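Letters A, B, C and D name the chains as they come in the text, with residue numbers starting at 1 for each one.
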Amino acid sequence: MTPLEFLSIAAAVFAILMCGTGLLRFNLFLYSLQTFSIALATIAQSQQAKEPELYFVAIAIIVVKALAVPYFLSWISNRIDARSDPGILIPIPITMHAAIVLLGISYPLAKSLPHILWLSDSTVGATVAISLLFTGTLFMLTRRNALSQIIGFLTLENGIYLVAVTCTRGMPFIFEMGSLLDVLVAVMIAGLFVFRIKKSFEHIDVTQLDGLKES
Amino acid sequence: MNFTEILCFIVLFLVLPILISGFIRNLKARLQNRIGSPLLQPLYNLYKLLQKSETISQDASPLFRIVPALNFSIMLILAVLVPWLPFHFSLPGSEIFLVLYLFAAMRFFSIIAALDTGSPFSAFGASREATLSALTEPAIILSLVALGIAYRTSDLNEIFSFSQSHGLMQVSIWLLSGAGLFLASLVELSRMPIDDPTTHLELTMVHEAMVIENSGPNLALIELAYNLRLVVYYGLSAQCFMHALAVLFTIDHATYVLLSILAIFILAFLTAAIESFAVKLAWRNNPEFIAYALTMSLLASLAAIFQSAFASLSLGNLGAFL
Amino acid sequence: MIPVYKKLAINELANTIRADLEIEGNRVGLVTSIDGNQLITLMLNTRSGNTVLYQAELASDSYTSLTTTIPQLHWHERAIHDLFGLIPLGHPRLKPAIINESCETIFAPLRETAKPISDKLLATRDFEYLHISGEPIFELPVGPVHAGIIEPGHFMLSCLGEDVLNLEVRLGYLHRGIEKRITEIPWRKARFVAEAAASDTACANALAHALAIESLLAVEPSFRSQGLRTLALEIERLAMHIGDIAGMAYDLGYLVIAANFSRLRGTALRLAELLSGSRFLRGYICPGGVVHDPDRLLSEIQRTTKNLRENLKPALDFFISNPAVYERLRNTGKLSSSLASEFGMVGVVARACNIAYDCRQSFAQGSYPKNHPTIALQQEGDALARTLVRIAEINSSLDLIDTILSDLPSGTIGSNLPVDLPANAIGIGIVEAFRGELIHLVITDKAGSIKRYAIKDPSFNNWTGLAIAMRNNVIADFPICNKSFALSYSGHDL
Amino acid sequence: MNDLIMALIAPALIIFACLIARSISILTKLATGLILCHLLVMIKILMPLAIGNTTFLTLLPGFAIDRMSALFLLLTALIASASFAHAQVFFKQEETSGHGLQTAYVRQYYILATLFVVAMMAVYASDNLGFLWISIEATTLLSAGLVYFHRTKNALEATWKYFIICSVGIAFALLGTIFIFASSQHDQQIGSLSCFELVKLAPNLDLGSFKIGFIFCFLGYGTKAGIFPLHSWLPDAHSEAPAPASALLSGSLLNCALFAIWRIYQIAQATGRCQFIQDVTIWAGAVTVVAAALFLVRQYGIKRLWAYSSIENVGLMLVAIGLNSPFLFFLQAINHSLAKVSLFLISGNIIQSTGTKYLKDIRGVFRFAPVWGIVLALSALAVAGVPPFGSFVSEWMILTENFNLKYIIPAILIIFGLTLTFIAVCLHIGPLLLGTPKSTSKIFRPIASSVVPVTLLIGSLILGLTVGYEGLIKVVR
């Protein structure tokens, strides 16, 4: 087991733990840790694959996704006084256990991916990446708070990034940076809209946004 | 196990329970800017309790009298069986399931003893304890079973010995198991954020409410058994963390022993910090916290199963696990 | 303040009060009797600051209960029953409120001495809990002796599993006969007894007493003493609110913050000591003014306030910005706004239910007319709302203390009072104590001595609120719910 | 390089104008003028490519234009001009009808709309799949502000749905892009994201991971295009946006997303082993057509109606892509865009003058505004695929092609969908056009408000009569 794999497992664990609480600040903290481990995994990969430009990507990830974005979101959550998310459909602890089941499912899925997809032996990396995709989606589906949706989306994005790191021999640098910038802008815009939603609806419960139902 | 080690074990066995609980109390006081009670305060308390006479509810059956002594003796056996220190008697019977059943037996006895008096408070405490342990039990079982899967044995002594080969995967298993055990032991030992051991509020207590009818020497035995249980649980999770550490670095035996004891103190420190800074959870939110313990142990089991799958992979048995 | 006095027939009383309550801003201040021969009702108008006192003579020892028409009077009628031996016919739950039933024969202390007590009164002395029947329901008695150092009070929780279906509050373990005692001693010494009505509210009680006596004597204290009185009251509010927050943090298990707030409460009490020489402001306010001018210590007070403010702000932020605290308190012990107004909640509890009632504005005295704080309101009526109201009031008290200190009028601190109280007069003092509306009512007889001295502590209204708020919460929420109300036992029992 | 600068001058000037213009009327006039200049510049740059004189134009590394993208670029420029030109009338009316229009909002609208158009053009111009992805993500980010223009609760809800659903969708497209990149690293190659290179490399791609990549890209860009069942945001966003923005969203953004799918489909075709991918595409298209037609039957808002009709057309275009016919894809796209933009603009006029967007509240358009009524009726027929409009020809050709390639069931589904659409549109539009106008109607019908729709409609008609006629002859032969 390589450090890359160890760190990506840590990311998966943090993502799963993130599903277990409705407190937004704690969610953001765990998201930050998860992103941090992914950035460290990137550094591990850059050493392994001898691609120095991945260093810059890792630093950019730490600055943007592990620090700036969580800070921005927690600032918003304080400003609009939304500190927790009661969740929908299933109780929050069960969500966490569902995420574990999904991690278990991710393994055979990762194994059944076409074999080219791991250039080195990166089954674990691919497993974690798929599990992050699942976890992010699950998080988005089972939460009702607009901010939680953003966090879920970011987790999903992390999963995609991890696919890029573990399953390819280095995506083009400019593409990495471009997608990172996109994420940043998307979060900023989403944050602004959360403010707007709070202002017009006096809540940020997305399940209650149903004024446009077909009728 | 040589003579010095036996001596060490006995000394630690006698001293640590008192010291750790005194340490936690004192530390909590320090964190609140108070001077706090002396480290040996639990000992003085025990002495005081032993001096006192007992008051027993008229409705209580003899069971109520026996249970503290019974639990204490079970705890003594457990303290010898469970490898909570880096050296231990290699007695036969340190089976995971025997240990788990002994712990469960203790819980069972204290619950029926609490119900025995007919006091509404201890009944409350008992019912809460039953609920909590039903939720925590899987976490503890799975943490230990994960280790069992990883090392293909159900003998705790064997699992916690050094003969096994290690890799980074083992580090994650050990870390996750240790974390699961520690979180579960916070619940088991009725500590924050589930239960506040310092509270005077009879309506929110779990453990304290359960033993509210006990007094005098009986209470002393309960306290002593509790302290011992605390040290055994902490020692077990400390051992898990130490094993993870031992995978990453080579440590000679003497340092390892010292570090293990230090680790127990670090966990105690952590407990004190949690108890000073955490907010007690609402009763309905307790499952959310316990779910974390369960999650850690589930992940540990998952990791252990993966590891077995990898092992079979290397044997050329591709996908046999799947 | 002299109330408008009106006489009524007893059968009109209920409907008159009812009609009055329909008018916006009107509320019942106090219902009691003078010597057992009549009912008096004090109505307050929180908009105009006017007060009306209705007196209705009684022909016998019983009268038709007012509770059936106006539910919030149930507690008043129980108190009247205890103190005067008057029976409200048709009262749904008549049982002792103030005087513990351990006094085996009814002794109705405030009753006119010549009047005999009929036998049927004796039958009603038993305290019968409200029983909720059903197989899985069990009753959990808590108190009156508690594990911590708190006052005695007995709570009967009827539970279904962990859920509380009903909470019955039973008080009266601390009855000291304050109201009776004040009528027995010279009125100049009465202030010492009056301020002992609730020890942590000493200043507010002394102030209410002073206001009542001053209104009788038609004396206006000097501007300086008014400023000092307001200062004392705000310091008391500050210290006690900090203490309540500390208690809340302690019940949450948030020990570090609890210890910190307890320390800061000490600092606030230090302010009180600097001002009056007593950490609990004992004996400071007297009719006619205050007893002591802190003159040279004012700069020290100013400095301490600044210091306190600097220390308090980060602690409060740290406390309330913790999402776990937030979650724990939210939706715990929720009291709906409609029930709160129907049962006449006062103080922090009312303001947390979005009822804008603050005696500092409605019945302004001292330096309040000039600079009163804005009313701290919250919508939700849960423990969180009450805590947030307390925090807002801590901040506004600090601001107020600063404002008063920065321009305290000069002048004398006391004024000479006449030797005798006027005959057949009524005086009231209404003060916003830190728990809420506090009323002292003085009635003199023909000879000019105090015939009846009635005190209505804020807790008197709010205990009912606690019982309502506890319904459908889990048992383990009771301490937090109780702490968020922070009610007084001795103030209630008197 | 010069071409690039020339193409960007006009948008830059519009943004500049937005920043300095004092009043709404000056701003709208300036913007209209500049966007028309932009259209001319684009025609000048791209005509050689579109006619086929030149085949390839490289702008920057990663950005290149071939014939297909040139055609779509021209279409986009045309739609943008139409939308901007009509926006002038739209905002004037909005101002007079007392909706409390703020200059800042209009300014913001123009800046975002301009950037949005530039982002869409970047989609067509990018040769690199990565840049393609970034551009499409940029269109989402920029158009969210357009949808939110009215600042109402409904607009906010539509924007939030649009934003979140499309962001997630696009994230999956990124995943697909990564898989496609990984597939090109087969056999220790360096890997590439360039479409042209990938087409060349196609036989060497790792088919397994390419398929996964295609599916994810298809899902991702398909969300953006509104393929059933990923369409849920589309009716909300298209109906809540102001009419010129709806026109842009429906008339060119959908083409953008489909173009991205087409680009990847080209690579799939080039691998030569993509029967599965073809099946998926054609079936998805056919199902989308039927689903949209079914949704069309019960609609309450006039713009929602057209939004569902757009989904239906997306289905048709997807089938055209699946048939590997760039010609049909473009023909369907241009026919749909012209008619649909005209429809959205006219519907915007009607909504503004009647003050309601509900079908049941609008009556008698023929009475109070005959020109609008005629344009609306004709455009609706054009969208529903009635001869002699272009759509009829392209739909006819798509069907025949389907039968040729033995996709019988999809073809039957499409026929069913098209019939249902025709009936549903007629049923909804009939009462709206005829009947007595409700008394609350605020009648306004400056000639200016009909200029753009009429022009587009005439364009559609000419297209149907010329290209369509040729095509029809080809089919008949």
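Everything that follows uses one rule, which is that a residue touches a chain if its C-beta (ideal position, glycine included) is under 8 Å from a C-beta of that chain, and two chains touch if they have at least 3 such contacts.
As the structure is a prediction and not an experimental result, all values here were calculated from the model.
*Asks:* Out of curiosity, which chains are bumping into both subunit B and subunit D?
*Replies:* The common neighbours are A.
*Asks:* Are any chains cut off from the rest when subunit A is left out, and what groups are there?
*Replies:* B, C | D
*Asks:* Central chain, going by Cα centroids?
*Replies:* Of the chains present, the most centrally placed is A.
*Asks:* Looking only at C-beta pairs that count as contacts, which pair of chains has more of them, B-C or A-C?
*Replies:* B-C
*Asks:* Among all other chains, pick the one whose mean CA position is farthest from the mean CA position of subunit A.
*Replies:* C
*Asks:* Could you state the distance in Å from the CA-based centre of subunit C to that of subunit D?
*Replies:* Spacing between the chain centres: roughly 70 Å.
*Asks:* Could you please state the distance in Å, as a whole number, between where the Cα atoms of subunit B are centred and where those of subunit C are centred?
*Replies:* Averaging C-alpha atoms per chain gives centres 48 Å apart.
*Asks:* Could you give the separation in Å between the centres of subunit A and subunit C, each centre being the mean of its C-alpha atoms?
*Replies:* For subunit A versus subunit C, the centre distance works out to 53 Å.
*Asks:* When the C-alpha atoms of subunit A and subunit B are each averaged to a single point, how far apart are the two points in Å?
*Replies:* 34
*Asks:* Residue numbers in subunit B touching 2 or more other chains?
*Replies:* none
*Asks:* Going through subunit A residue by residue, note those that touch at least 2 other chains and give them in order.
*Replies:* Within subunit A, the residues that touch at least two other chains are 22.
*Asks:* Give me the residue numbers in subunit D that touch at least two other chains, ranges are fine.
*Replies:* none
*Asks:* Which chains touch, pair by pair?
*Replies:* Every touching chain pair, ordered by label, is A-B, A-C, A-D, B-C.
*Asks:* What part of subunit C is in contact with subunit B in the complex they form?
*Replies:* 138-142, 146-148, 157, 162, 251-256, 258-260, 263, 322, 324-325, 327-328, 332, 474-479
*Asks:* In their complex, what parts of subunit C are in touch with subunit A?
*Replies:* Those in contact with subunit A are residues 321, 323-324, 326-327.
*Asks:* Would you pull the subunit B residues touching subunit A in the complex into a rising list?
*Replies:* Its residues touching subunit A are 167-169, 171-172, 176, 287-288, 290-292, 294-295, 298-299, 302-303, 306, 309, 319, 322.
*Asks:* Residue numbers of subunit D touching subunit A in their complex, please.
*Replies:* It is residues 128, 130-131, 133-134, 137-138, 140-141, 144-145, 148, 153-154, 156-161, 163-164, 167-168, 171, 174-175, 178-179, 181-183, 185-186, 190-191, 193, 206-209, 212, 236, 240, 295, 298-300 of subunit D that touch subunit A.
*Asks:* Any idea which subunit A residues touch subunit C in the complex?
*Replies:* Interface residues on the subunit A side: 22-26, 78, 83-84.
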